[in-house]
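Next come two complexes built around chain A: one with chain B, the other with chain C.
Showing the complex of A and B:
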């Protein structure tokens, strides 16, 4: 009897050790993406002979939790899926970075070379690439053709943002209680959304190649000046996540700059049949420049505490870029994979009923090939949201001139840069 | 026999500890451990996933000479003073009136005033952000109906930041204080009022010389909990204003938002953030002791 018990215990120990060796723990904050991973779980497990455990970690607690488990060494995920924007965890100095640099893998990979460069730039800090982007999120302009045409504007012919805002003034003529009935674009006093997208078209970088803040360049000043001028036309509308689709449906918002994941916001408005919606590339900031941008997105990365990064990279690459799976991703979520080699598939050339038969996928893939290059770096998000953001509101409310705000923001960003350099 | 008795005694002795064990273990893990680990980390240059090395009082020194820390503290203090000055007197008046309302309405009104307390702070912030939206918010729409200026950019203009924070927390927390004060009002012995009536005391005199002194413990509780809550404010400005916890022109950056920024911006300065956390703890401690002294907590003026 004793022997049987001992044998059973030994079996359990061996089984547990074996199972622990095969177990791959993944953390993600993105519910949409988790649905895809769950659906493909069995296939991934079979291919790599692993047990894939997917945990959803709240976005607000993600970094804190990751930091805590990495310091503790217990319960550390092997793969993390984190947001490309405001991601905090990447750093040009690999020693300070939460995740492994992937350079030695991506340089040899035949798969990764298909990922568009404009998207890779978002996960490249300093000289290293730290993540595999899940998406490319090319931005297009979706507009209410009925409303624009009702004031004599054919937006399809509008070439630049300057032209757009001139035309927008016709749209916002009709008023109630002193406010326009129809607005041309959603707007906020931060560099979070529309402004962030148009900024990418300008080529005015936030950091230079050495990672130094550049809010004081003439290009950036020109952009902020234009942005404030456009705001003062009174054609833009403050919005919120909760009411966006309703604003489109009731005609308050007559256009918006939309990455692929934000396109479904128009579904209800388009299906109601009251208005005809259309889609086009973003107007130029300057003729000849980029006609798209990106907004949002996630990437997969390997925390430094992961035990078998070589194998984890292979799993991640398969998860992100398996060609048959990423077509399904587009079908289900409308998110365009950042993988140029599959874009010729008929799937991306279908007519879209929401836009009167226009081929949205074709437009997105065409634009995705020409994504503007953005230089990110350790201070990138802090400079945008902490050094510049609060002063942008002060420009909007008239408490600071553009020159003052940029001077103060640049000084704060430079201090941040110097402080970071000391360490 | 003696063994059994001793065993019985020790079981009796240990029983209460078993009862409090779940609470105690949670307290040790989530409070006491964190408390001391935070204290230790405040003397280090811990950053990101590096535990850092001992640097003495450097973090404290840096915080006390840092303009941003003092600005965030002043924002927090202004907000605290205004919130307390509005919430508690108003809650007291409300409780006083409610105490006189017929019983059938009392329960309904008490519940109505208390409901905002039950709503999550983040939800409240998002709700008010929509209400105060410049172009499509209900507040500006209503002002428009009254032919008043209706293009106020509430959440993007630093002139309104503190007003908005005070207003929203007033809406959320006044009901909580009111319920507590009402409960306290109802415990005052009616014979005191009857005696005052016989002596011909005016309503005002009754209020100041019987009601308020008898409610000192309840008022003290409200003042202290309110001050602590206000000094720890984070979720409201973080969600209500753009720029995550900063607001326009940094006008909404409270001390806890400053701590969050230091700990979780791209620099991950955990050591420094812990030091600021400890400074805030001492400030709260001093404020609470001061309030207790001033209000002579726990003592009514019965004597």
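Showing the complex of A and C:
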């Protein structure tokens, strides 16, 4: 008996030695987030007795590389960090999905229940949850109060987008060389940015619950019609990524819909002191509806070839939702964690000098709780970007009517859906 | 007094002006990239560009090397540049060696299945890259060549376009030269080295330029093969800089972009006279 016990102890020691320092490979495309993972690497390694190897894979080759290594079976990551919107990795059909469904973990987790439902909808394909969201990215409206008030508009009192664009016409009266000196919103002639955010407020889904495209619904048509009407007011200008901060600073851009990661664009303009900036929730699309949206973001998931998904899930949950770490994340990046139980911390209720002492964090957390649900799927972004996007440009240029554009877009999206089903 | 007008000179002048205008479209992006790489971040995307502001102070007074310093110090552009140069130069040497030997065999030697093998090699050009990635990775993995620069250099050597281009050039070389060399006792390798290669300089230069462009700009294969940041090439670095989900380092991206763009241009300018000669000579045959 003594020998058996000794043998058992020896086995345990050997097992522990072998298990110690087990390599966990993580791939991420997001350089900003990698900085956080690198900073926390030692802590994560110590907590789980692993060696965490973080590799950056460019997003343009991410899916192809993942496919290649999964087919080969060597060098496969245990954790991947990927984009929450533009997604070919997740699939409503679990057999076609690159990653494990996490339902059996999240249903038992006391941590995951604190992740806001509106954000979970972005990683829920079909009936399963496939990822842990890193962020929530609630969208607010940041505006140049000085400019708007100079034309007699108090944006704080504006309730709906219809009211907003009516008021915006006062702002764009002043012109130079035939062009307005000030614009109400930036927009990049696609559904990628401002239009994408406002669309989420409409409740018109791009896909139905089975993953089929639904660009031909009356709700979506109504939204596109409204959007074109708003566009024709001449109050929107091009979304200029590189020049955004400068356009805010010189007053060309008088407002923008901003997720938390894009808020710092206002820093320079606000610190120059020339204008007073303010922040508010997005105007309603329809009164009583959602006053926010989400834009951008990442999630962590477990590729199906990972060998120890049970442990990997625990590691991922810690990486995403450790209370003290996500507070540091917010302090450093201004990115609000999707983890509602920490939002009562005074950190999220601070006055923000950039907005005359308004409490941006408090507004963001309030809005994040009411984040609208979005039905996503593997075709979601392709339908928006490839099937609808080019036809939207045709509407704007007057080459197509809204009806024609939606018909053509829906046909293209349905073909995409059928082709995907065959694969 | 009547001035004699030479109509062909006028036509030439019109053509020249037209070509100059067209060339602006090609040169301007490089010029903008160069100008932007020397400006502070806040001025990079100024509209209209500061270069056209009309004031000398605004145009050139604020030039700085900060973008390059940021790119090299914070983003590891220096190592990526060395890796790119190493991979590109090595692969050109190896590819020229392999493809010219292969083309030599197709041009001057007779062996069973020559035509079929040649067609088979050419047909591989038709395969889309996307379909080849997984098998490509698998082969490299089996050979232990993933995450190694040599794993990038060797596969480039099998380049069907190079075999085709050089073979077409080689068959224009008079067979009598080969026969004379054989009579003098030269073997296949000696003929290739002493006769074929010196006579094919334009074709080799053209091929080297094409290969330089392919390898230098290749992003997908290096990203699939490599894992360590210290081995990444310039196109990967550029994409990774652009992968910042917010606060993109536009200054470093532009400086790195300028370096990435200018080196192939310099390479082309050095060998351009061979390039035209080599391509026309090769294809006519």
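Note that in this section the second predicted complex is superposed on the first by the 400 of 423 C-alpha atoms of A that agree within 3 Å, B and C clash if a C-alpha of one lies under 4 Å from a C-alpha of the other, contacts with A are read in each partner's own complex, and residues count from 1 in each chain.
Going forward, a residue touches a chain if its C-beta (ideal position, glycine included) is under 8 Å from a C-beta of that chain, and two chains touch if they have at least 3 such contacts.
What you see is a predicted model, and the numbers here were worked out from it, not measured in a lab.
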item	value
Clash-or-fit label for the pair chain B, chain C on chain A	clash
Touching partner for A:262 - first (chain B), second (chain C), both, neither	second
Which of chain B and chain C A:56 touches, first, second, both or neither	second
Partner chain(s) touched by A:242 [first = chain B, second = chain C, both, neither]	both
Which partner reaches more residues of chain A (counting touched residues only), chain B or chain C	B
Contacts of A:336 with chain B and chain C, given as first, second, both or neither	neither
Partner chain in contact with A:71 - chain B first, chain C second, else both or neither	both
First (chain B), second (chain C), both or neither touched by A:116	neither
Contacts of A:178 with chain B and chain C, given as first, second, both or neither	first
Which superposed partner A:96 touches (first chain B, second chain C, both, neither)	first
Offending stretch of chain C which, after superposing on A, collides with chain B (from 5-13, 113-121, 167-175 or 275-283)	275-283
Shared chain A contacts, counted only where both chain B and chain C touch the same residue	64, 67, 71, 240, 242-243
Parts of chain C lying in touch with chain A, wherever the complex brings them together	42, 44-47, 130, 133-134, 136-138, 141, 146, 219-220, 223-224, 227, 229, 236, 239-241, 243-248, 250
Residue ranges of chain B touching chain A (in the complex, touch as defined)	45, 47-51, 126, 129-130, 133-137, 141, 144-145, 150-151, 153, 156-159, 242-244, 246-251, 261, 264-268
Residue ranges of chain A in contact with chain B within the complex	63-64, 67, 70-71, 88, 91, 96, 98, 177-179, 183, 188-190, 192, 237-240, 242-243, 247, 252, 304, 378-379, 381-382, 385-386, 389-391, 393-394, 396-397, 399-400, 416, 419-420, 423
For the chain A and chain C complex, residues of the former touching the latter	29-33, 55-61, 64-65, 67-69, 71-72, 74-75, 240-243, 245-246, 261-262, 264, 268, 296, 298, 333
